[in-house]
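Here subunit A shows up in two complexes: once beside subunit B, once beside subunit C.
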Partner chain A sequence: MTTRAETMTATAVDRALEGQRRRRLPWLLPYLLALPIIAYEGVFILYPIYQGLRSSFFRQQIGMPEEWAGLANYERLLGDTAFWGVMGTTIIYMVAVIAAAIGVGLGSALVLNRAFRGRTLARAMMTMPWSFPDVPTVLVFLWILNPSFGVINVFARLLPWIEENPTWLLDPRLAFVSVVGITAWKGFPFYSLVILAALQTVPSELLEAAKIDGASPRQAFFAVTLPAISPTLLLLTVLAAIFSFKQFTLIWLLTGGGPSGATETIVVRIYSTAFRFYDFSYAAALGVAGFLLALTVSLVFLAVQRRQDMEAG
Partner chain B sequence: MSTDETTRSTILRPKLNRRHLLKTGSAAAVAGAATIGAKRSPAFAAPAVLQGEQITLRYGTWFWYEPGRAEAWRYMIEQFHAAQNEIRIEESGAPFDEFTNNIIVQLQAGGLDDDLVQTTPDLVLRLLRAGQLASLQDVIDSLGITTLSPAHDYITVDGQVHGLDVVTVVFGLLYNAQLFEDEGITTLPASVEEWVEVSQALTSRPDQFGMYSAHLTSEPESFWFQLQEWAMPFDGVWANEAGPQVNSEPIINAVSLFKTFYDTTFPQGSDDSTATRQWGDGQIAQQLIVSAAVNVYRTSAPELYPHIRSYSLPWESKRSIARIHPITVNANGANVDAAKEFVKFLYTPENYRELLTRQLDVIPAYDVGGLDEYFSDLPWLTGYEDISPTTPPDIMGDFIFNNQEFGQIVINRVTEVLTADRPVEEAMAQAQQELEELGGRLGL
Partner chain C sequence: MATAPAPVTVAGTVAMTRRRRLARTARRVGYYLLVILVCAVTFSPIYWMIVTTIRPVTANLRFPPQLWPTAIDLSAFRALFDHEPIEQWIWNSTLLSLMATLICVVLAVLGAYTLSSMRWRGRGAFAIFLLMTQMLPEALIIVPIFKIYRDLGLRESLPGLSLIDAAFVLPIGVWILKNMFDTIPKEVQEAARVDGAGPFRVLFQIVLPLTLPGLVAVGVVAFFYTWNEFLFAQSMIGDDGLKPASVGLASMISMLDTPIERLLAAGLIFAIPPVIFYVVMQRYVIAGITAGAVKG
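After this line comes the complex of A and B, so read on.
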């Protein structure tokens, strides 16, 4: 039979252990909490990246054992004129989308930042393109841009120099402009909302002071508003670069990278190489090149931001 | 049997098959073999090895996503389930556009998930080369089939066939007879020039278009799949054992003809789904398209279906691409024998006839007999009757294994011809150079 003294001793031991556990818990807790995300990142991000990198050093044929290829895929990549063309298109596409989406986003944010009747409704409507799913959006645009019956032709034909319906997605130059335009249209509400939020943090006293000092609205914008929101604009530029770099759905469904490769970005090229031509190891090498491009762009922007921060003290 | 019926039933057997028959015996022997086959397997019975244990087979195919064809296959599977209790078939696969990718990704990941895999002419070769396919020769032997279409030759290794065709599609010219009648066209084109003329007469943009063929880079597979057929009027091949042939005269002529049609008769910019809708609405007069499409139109455009006809290909050789789609058995699967039993069930003559007619197909893979009445009820069949079939490997040589990459290079240059008015010769010369580089890299 257990005596009272023994019970008390056991309780004291339990308490001591509980205390130890509690003391240990703060040390373990962060690791325990981080474990799921580390496991997730490891399995779904780091491991695939490792496999992709590894694949780029092998030669793979469907259903056959892989063979070590060393740097052969990278040598091929450096001598592949199509690859350099695709890289050029990717960079031009990124710059064009950044300029168009952030430009329109900034313009619309400035308009929506002013007080006018129905502003809330206008803000809500502006966000609609961003909320539409990609695939239905593309299907609608394919109809709008159809050279035979697309509604856009009605407006295009109003222009005096246009006599025939333009082949929007068939002509290489028009296709590129169309794809950039649709990408920017789809993305600008996000940038606009973020800029709008930034505009509301611009100190009103500064704007009032500028006004009292006789600054015109244009001068006030360039001297007060723009410097105040420039960190936000820089961040958005980085985001726009990343978003446009990885854009696939819109391009693939609109043009498939054509016509004649006019809209073929690195992501489209990787997809075709891997999943249409089944050249997995070369696709992996292209993926590494794309990753380096994205990394370079991000690092450049981060460096600029750091410099700005240092200048601002 | 009337002369027409005799002609029809004879012609719809693959031509080489007929030659084979002449070599090996009389047509009567063939009919006898088919009859014997039918008598040997009037009803399906599972082999003893399978009895007492239920097996579920996964059949990976895109058929489940195709109107018309899906119903036909589900019916056949119901019949299979009713005929025995040991084997069950489970639907697997993906829509056609994603199907091949899914299978390749499975392969790359270690092996095929499905017991039965539906294949295309290209995919079957890849799987065969990767050692994934079981021989189905025992199925053919056990059914006593001696007239299997020679289109299976390219998947026969050491006398063992590794897939059995369940859908042969062949390109032909389908047209909307109502539009022809409205336009007062009573004489059907008999030459390429007349074909162009009639197509242009039927075009009244933007309301009506004389012809449609896929031409968008956003649909590269359709574009290339259909473009290949345009070489047939000129007896062209895209590649052969000597390498790519895209700057040869027949191919130059083919691309020029495509350009003429594009400029003057196509609904430019219409994708496949839009064109299907335009065709259903009576806005497109003709399509150079595979026979299997009619089954889709019967469901998707029931009002148009009675007006669909076909006419004899307006070129002398009547050459046209025929593509077999073999059902295959995963050699590394756990249920090879059971899977073969299902294939055997499908290939039993009465079941095969049922499948073929329910799918609205017109080219039997072996001399199954008993189809004359069915053929005579298909008014749109006429133009497919005198076709001289050729296979994808015949026109692609060893590039058949890299068909899509080859096609992408070609359609990139053809698009320049179509939309940027680049001279055909110049564009195809560049394509030839790019394809030779591809061949060099692939060691072809």
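After this line comes the complex of A and C, so read on.
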């Protein structure tokens, strides 16, 4: 009897709560909350994307009205050797930055993943490069790489085959290496901190067990640590691809894409086509090409993330 | 027989422990050398910037340079304020960043709340939409944005510039806050609702007070994204009186007669605020940028 009464009261309470909840949370509310963001991003991101796509089918010269050009801009794009060169540079730059930044990030995370005196200070230091704004970063590296007074020459001269100061940003190969190095310097501490967080979740019992079984530190790393952090590494790789693809300010202010196109990625090319040569419709077509590349990378990111979410449950 | 081996063992043990202790010390020294290497790679460019700024000009214009300062001379900072409109730049950047931060924080609270606390059809699509906008390189839409701004007369306007900056930093803001909102146990919100609190009362009286650090983190990220932003600022602002600091600093690069220590002093002043805030808020910011995908 009591149990039944209790059940009844429970259901009644449940029903009352349900009704209340329904009244309190109208089904429309989540949409109303999301709407301002969708509208805002629609106006400032989606509409410009549409406009860019549209103007890539037009031809525009300064002071003249737009005229329909069909696929002319794209035909020009496909036959443009400079465009293919830029695409190649973009991809090599992305790969080089990913390898350098994630590699150094992993190495430094492994070093810092121990209790030692001054750990907090080291972590604070790791935050500095990626919070250091782009423009001051350019300023200091232009000074460090200065052919007459740059401090890097002191160290470069230690190499036996270097007898005079290299012209870092004027030599195509050195300029590319420098730009990659600077981008990686700004990026690696971020990856390092994320990897550090992931390392802390590696179960210590597993590492203990490996040690007891007589595994060397190296074996333990490859058998236990690396598999445990590989989802994070994969995610960071894609993230690094996106970040390096977006990189404009560092390259533009360090080299402007030069010398002779050695550091010219697609975003730099778009900017100079538009604002140096005022060829807006061709810049729009370049933008669409870049957009397709960005979309591919983003979709890979989504796929990676989704798989990890599923694995995490 | 029984007594003979004893001294040998003791001597052996002593030798062994000594050797072991030596090996351990060597390993520890090696380890600290690695730590120092990591810190040196990370910090040396910033160190060099500081050294160049605080020593006399004569010390900078020589090769090879001395790797540490032997005399201190802070006149570069005075010269900077005397010769460049740096107060104006900083003021413009501050205004610009405050406007973008305001827009971003308000919208991010709404977005994070609906993503974290509510279940609705289309929620996943909304999340993907946000992620995609976060991935988009600014430079890909610079041309259409420039044309739209020109046609609407939004160029040469700091509020106009703040609108587009906010659009690009908003997704990260949503992720940072959503991560924070997710840490509040569902029961807490449920209980408040049962007590008759509407969704907005739950948001303002329960969720937000509990996630204040997240709110501050969003503010920090939005503020300094805008503070650092160069591409849109450079394309939209040509008027000297409206230049934000990023554009002003970049314009100093091309002025060949600017002394290096003055240039770097300007860079240092511009970089100190974001570095301080990021060092403090690091934890929340990292989680947001990786879109909460890194567990733990």
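Just so it is clear, the second predicted complex is superposed on the first by the 271 of 313 C-alpha atoms of A that agree within 3 Å, B and C clash if a C-alpha of one lies under 4 Å from a C-alpha of the other, contacts with A are read in each partner's own complex, and residues count from 1 in each chain.
What we mean here is this: a residue touches a chain if its C-beta (ideal position, glycine included) is under 8 Å from a C-beta of that chain, and two chains touch if they have at least 3 such contacts.
Being a predicted model, the structure only gives us computed values, none of them experimental.
Participant: Applying the document's definition of touch, where does A:Phe275 land relative to subunit B and subunit C: first, second, both, or neither?
Facilitator: In the superposition, A:Phe275 touches subunit B and subunit C alike.
Participant: With both complexes superposed on chain A, which partner does A:Thr296 reach: first (subunit B), second (subunit C), both or neither?
Facilitator: neither
Participant: Of the two partners subunit B and subunit C, which one touches more residues belonging to subunit A?
Facilitator: Tallying touched residues of subunit A, the top partner is C.
Participant: With the two structures laid over each other on chain A, which partner does A:Ser216 touch: subunit B (first), subunit C (second), both, or neither?
Facilitator: So A:Ser216 meets neither subunit B nor subunit C here.
Participant: Now for A:Leu253: first (subunit B), second (subunit C), both, or neither, which partner does it touch?
Facilitator: Touch status of A:Leu253: both partners.
Participant: For A:Gly261, decide between first (touching subunit B), second (touching subunit C), both and neither.
Facilitator: In the superposition, A:Gly261 contacts subunit B only.
Participant: Quick check on the superposed pair: does A:Ile144 touch subunit B, subunit C, both, or neither? Answer first, second, both or neither.
Facilitator: Touch status of A:Ile144: second partner only.
Participant: Pick out the shared contact residues on subunit A: the ones touching subunit B in one complex and subunit C in the other.
Facilitator: Shared contact residues on subunit A (touching subunit B in one complex, subunit C in the other): 142-143, 148-149, 165, 253, 275, 280.
Participant: Which residues of subunit A touch subunit C in their complex?
Facilitator: So the residues of subunit A in touch with subunit C come to 17, 20-21, 24-25, 27, 29-31, 33-34, 36-38, 40-41, 43-45, 47-49, 51-52, 55, 104, 107-108, 111-112, 114, 116, 118, 122-144, 148-149, 151, 153-154, 157, 165, 185, 189-190, 193-194, 197-198, 200-201, 232, 235-236, 239, 242, 245-246, 248-249, 253, 267-268, 270-271, 274-275, 280, 283-284, 287, 290-291, 294-295, 297-298, 301-302, 305, 308-309, 312.
Participant: Quick check: in the complex, which residue numbers of subunit B touch subunit A?
Facilitator: The touching residues are 101, 104, 107-108, 126-127, 129-132, 205-206, 209, 216-221, 267-271, 274, 402, 404-405, 408, 411-413, 415-416, 418-420, 441.
Participant: Touching subunit B in the complex: which residues of subunit A?
Facilitator: Its residues touching subunit B are 60, 62-64, 76, 142-143, 145-150, 165, 167-172, 252-261, 272, 275-280.
Participant: Taking the complex as given, what residues does subunit C use to touch subunit A?
Facilitator: Per the stated touch rule, the residues are 31-32, 34-35, 38-39, 41-43, 45-46, 48-49, 52, 60-65, 67, 103, 107, 110-111, 113-114, 118-120, 122-123, 126, 128-133, 135-148, 163-164, 166-168, 170-171, 174, 193-194, 196-199, 224, 227-228, 230-231, 235, 246, 249-250, 253, 260, 263-264, 266-268, 270-271, 274-275, 277-279, 282, 286, 289-291, 293-296.
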